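Labels A, B, C and D are assigned to the chains in the order they are written; within every chain, residues are numbered from 1.
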Amino acid sequence: MAKIKVGIVGGTGYTGVELLRLLSQHPNAELAAITSRKEDGMPVADMYTNLRGKVDLAFSSPDKARLTECDVVFFATPHGVAMAQAQELLAAGVKIIDLAADFRLQDLASFEKWYKMPHACPDVLRESVYGLVELNREKIRGARVVGNPGCYPTTVLLGLAPLLEGRAGASPLVDASTLIADCKSGVTGAGRKAELHILFSEASDNFKAYGVSGHRHHPEIVEHLQTLHGGPVGLTFVPHLTPMVRGMHSTIYARIDPKARDVDFQKLFEQRYADEPFVDVMPVGSTPETRSVRASNMIRIAVHRPGNGDQLVVLVVQDNLVKGASGQAVQNMNLMFGLPEDAGLGQVAVLP
Amino acid sequence: MAKIKVGIVGGTGYTGVELLRLLSQHPNAELAAITSRKEDGMPVADMYTNLRGKVDLAFSSPDKARLTECDVVFFATPHGVAMAQAQELLAAGVKIIDLAADFRLQDLASFEKWYKMPHACPDVLRESVYGLVELNREKIRGARVVGNPGCYPTTVLLGLAPLLEGRAGASPLVDASTLIADCKSGVTGAGRKAELHILFSEASDNFKAYGVSGHRHHPEIVEHLQTLHGGPVGLTFVPHLTPMVRGMHSTIYARIDPKARDVDFQKLFEQRYADEPFVDVMPVGSTPETRSVRASNMIRIAVHRPGNGDQLVVLVVQDNLVKGASGQAVQNMNLMFGLPEDAGLGQVAVLP
Amino acid sequence: MAKIKVGIVGGTGYTGVELLRLLSQHPNAELAAITSRKEDGMPVADMYTNLRGKVDLAFSSPDKARLTECDVVFFATPHGVAMAQAQELLAAGVKIIDLAADFRLQDLASFEKWYKMPHACPDVLRESVYGLVELNREKIRGARVVGNPGCYPTTVLLGLAPLLEGRAGASPLVDASTLIADCKSGVTGAGRKAELHILFSEASDNFKAYGVSGHRHHPEIVEHLQTLHGGPVGLTFVPHLTPMVRGMHSTIYARIDPKARDVDFQKLFEQRYADEPFVDVMPVGSTPETRSVRASNMIRIAVHRPGNGDQLVVLVVQDNLVKGASGQAVQNMNLMFGLPEDAGLGQVAVLP
Amino acid sequence: MAKIKVGIVGGTGYTGVELLRLLSQHPNAELAAITSRKEDGMPVADMYTNLRGKVDLAFSSPDKARLTECDVVFFATPHGVAMAQAQELLAAGVKIIDLAADFRLQDLASFEKWYKMPHACPDVLRESVYGLVELNREKIRGARVVGNPGCYPTTVLLGLAPLLEGRAGASPLVDASTLIADCKSGVTGAGRKAELHILFSEASDNFKAYGVSGHRHHPEIVEHLQTLHGGPVGLTFVPHLTPMVRGMHSTIYARIDPKARDVDFQKLFEQRYADEPFVDVMPVGSTPETRSVRASNMIRIAVHRPGNGDQLVVLVVQDNLVKGASGQAVQNMNLMFGLPEDAGLGQVAVLP
């Protein structure tokens, strides 16, 4: 089988270099082009020295990059770039995976409120699929455009899905109106931008919350929670910045419905994810560490019910740059092209 | 005025060296003795090189230390040591401040359950005062024995006190039965012990929860919450280990009572702590950073109500070794000896 | 005695906030003005939350700041700012301490080569004193303008001074033509600038050399080494970036002259620094840690001669923001105003 | 071809888990047994959660492990274990790769001095090969026993080899009697041991030298430098502990011989390593970062000659757990079994 010709738009950020790391080791992909207007002509390995001897490609300006000759284009760009180029690429038969937010929210008003721009192609948005594989696997197989989920939403949605999905008509398991997600992210989650607050000297040996009054991932999580719940959902979401490079830990709190007190929640999670190659439900009593998934596409989940009371506590860890971004994007690509879902994603996490 | 003669039992851990740092700069204290059976004769500055030229004292074995000649003895020891020596010291007129748990819990059964030992002196326990100054200032002034609070309890109690205290008979502000404290601690919180899980190579660039099914600080928080609330309290407490040396961040969630929807919670906190020298209620919208209190005795608190809904989010930061341990102990000493409460505790936090 | 009225120009960087931390705790100084064109009107405590409740001052634009009414002005600015304002301030009787490089190099050609600008006031430069107290104490007492040393030069000059100074005519102790300084700096040494290479995500869990082919501190070190040596000096200087916030460790290599093989180098260092309040020569065999001086003005030095051979290895640690910058600046101020040299600089280092 | 049956003795440390990570992804290896007396019966994935779903093996006690049925046994043990079992394994036709020091030093007196034990099998030692592939490739192909190099020696030997080897009779390039290696190691270099000085709270945000008066890697480096130089060598070696998990940076200083002033050292290094799959000589002016080789088997080297003077500065980076330990061990295995040298070692380094 011929290799998939891959283009990457905007590869100078962390999701870009992570795509390069994963795709350069992928058995069925061929890196055809990577664009950066600013770095036109610069070998990517000059910017990311880990790629020396592994990736020969140079950045090229978008006009030279011949993206329409690719099979798939990944957008590792700021919000708004993918939607501007989507129609041209689709017309040329190119599939699209956007790692930014252009195809994450079906609610246009919400998109415009949070991203401060009108949507450039509502039609394409309507046909696009939200690329959280464990929730939308079949739709993704047939998709031409995938909106790759945000890092926080991936953990919160997978941590809550077994509790909320498919309960229409049935008695609820938890109170969907008082959900809480207390999330902690490594600093790469803030991207590769020259900003003061993410300097080593500012973020090191320090911990803080941010975005408490509102964060773009909040409407994304709520929209997809409501889809799988089939009704309204109330979520308090508090993200925190943690002094580590990679890694995300979400601590999720849900009140157990009085009628669901006899449910075996551990078993519920185990069964829900039994066949998932990238979701590991850990044994009772576990406390997953972020480093246990470092540089890998795995998610690990532990389910707790302190004192056997009415408060459920779900712990979820992922590498925000892999399952939370570029790894999940490759997982989507694999599905869209009929490849084994784990092709190129088999790396063992790097610990210590 | 003569300086207070201070003895420290068990000064080889982090709370010990922090007591030495603070007391060696205290205008009214004189370090008289510091004990360590194992390090008898070793100058403390040989173990803690930051003290070179600042503290001349050497460790001495407990039998040589003449603690009964001190005015006050701090116990920076494992649980169980202070209660074994309390009666002898009290008989000699020496006041006691225990940084371990011997005098934190009035509920003897709870103490025995969590600390796996019978209490050696229930009488002394009964007269002892829980040394959270902002809640018990007047009692501490007259106390002979103070149980210095745990680090997590200090943040959670101060973060919840304005919401729960003095509401007997009044309409509640929040639902006291569904409180959540999601707490993050720097690694010094685990002490100075040769254990694998707190090695640099294990704890660095890593984040995890622990003690989800039960932690010794849980009964401590609940007992004192109930005291100030005047009724039962339900608390879910999830501590996490964060890759930083010092610092603690507690994110506290409380459901606002429907009848309290019009309360100005920011103002409530500001008024409650208006006269407190070590509690800083930050402006609306703030997200306090742990480094803003590094090496200082300050607590900073911010109050959030996302989307003006029914979920209150209180953010609390402290230095776990200062306000969470040794600084608070000095604050207690100041009160017990009629000194200005902030004597020796005026340091500006070290940032960056 | 009236307090010294202090102005700070350009207080938004790390040396600025460190000056504020130290001066706000100084018994003889009064913060009169701090300038920042960009942040005019903003309370400094809004930018540096560690100062909340400790410093009431707001930034003011330079034109409003009335610096000529101060007794002393510190420049915590980019290179070139102090020399532009020096003559006006001196004319008004204001003393100047520049934390940038305008008054560090007497060699004008070298200044212009390394700082890419002509010197604005060579006359002032000529009367200025290089503010390395341990080498120039008496001159500093009488100075109107002090050039505060760079962080690397402070460690290397103090690490080499006992070996080179006052040897004119005498037999040399070491080969002054093959000196090596292998220096490691925490990331605050790079300042508070929005630049990619000092992002947490770039600098954390990473180590690298930089400036191997040339660094501005190289001519500064060499000029002052030659002054104290009284002859030419050859130095290889390799700085490295270390993943820590504060701290500098210089490992200095000098070949012992065959005629000096019987010298007791430990004793030489101990005698040279016996009366220095901020230089601690550690016992034989010590390996000083950077944290042993964190947030303090101390320098610690250890002298090694591996295998009793001909290679001397001198280890020097300092806090780059204190003795390497703002603490040394305050030490200079103390001398210039006849205060005790250690006024306001007595803090015990923060460990852990 | 049948897969190579691999046994690992003592797999609970960092070199053990790293062997498991690499070998579980190796196309030609099969993990047959891993021993730990203490953890007999425990699945390795319970200790190292990154291996969950990747490695099914459980630790077994040495007596049950049937190591004599393996093709090769790796010793990831303390010094002294491999030599005690070597003869039995060799007799059974099993090849041995020791990651400890039993087969690194041919000089028995030196071994006994530094490791405080007599050598158990001098005969085996004599036939063993020092497993630094780039120096001993052909000998390793035929070896039954390989002593895998220490982490520091790997960087220093590869950084100096082009300058010293094969100069017998020729004019020297550098002064071999005044070499200096100033080396910085991440904390995993100290192993996974419950010791105070490598706690997170001790080693974080801190930098120090250690072992200045003597370190076990010093005789190892000198012995092999002398072998390739064909004469005596003088080396000053100063290791430092750096607050990062993985990574090693060696800064090597060599005085250029007056007769070698015209040599193109950049070219010398490039030619020496032109065909080496795991040694990357970087372009002129580069400063390699440790993260550029994180979790990979690459070494990167840069050659500097500041001011075009007589001091050569060679910068070498590696991942101390991969090329500095387990990766190099797998590279040795590949040669010993006629596999492609890079089998299982193709991973792109993880950056950021």
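Things worth noting here:
The rule is short, and it goes like this: a contact is a pair of C-beta atoms (placed from the backbone, for glycine too) under 8 Å apart; a residue touches a chain by one contact, two chains touch by 3 or more.
None of the values given here were measured: they were computed from a predicted structure.
A count of contacting C-beta pairs for C-D and for A-C identifies C-D as the more extensively joined pair. Greatest Cα centroid separation from subunit B: this falls to D. Mean C-alpha positions place subunit B and subunit C at a centre distance of 37 Å.
Chain geometry summary: the mean Cα position of subunit C and that of subunit D are 39 Å apart.
Subunit A and subunit C have CA centres that are 46 Å apart.
Those residues of subunit B in touch with two or more other chains are numbered 14, 186, 188, 201-202, 204-205, 243-246, 288-289, 291, 294, 352. Within the complex formed with subunit D, the subunit A residues making contact are 14, 17, 21, 24-25, 48-54, 188, 204-205, 245-246, 280, 282, 288-289, 291-296, 298, 300, 321, 346-352. The residues of subunit D lying in touch with subunit C in their complex are 178, 180, 182, 184, 186, 201-202, 204-210, 212-214, 234, 236-238, 240, 242-247, 249, 251, 253, 255, 285, 287-291, 294, 304, 306-307, 309, 311, 313, 315, 317, 352.
Residues of subunit D that touch subunit B in their complex: 14, 186-188, 190, 192, 194-196, 198-205, 243-245.
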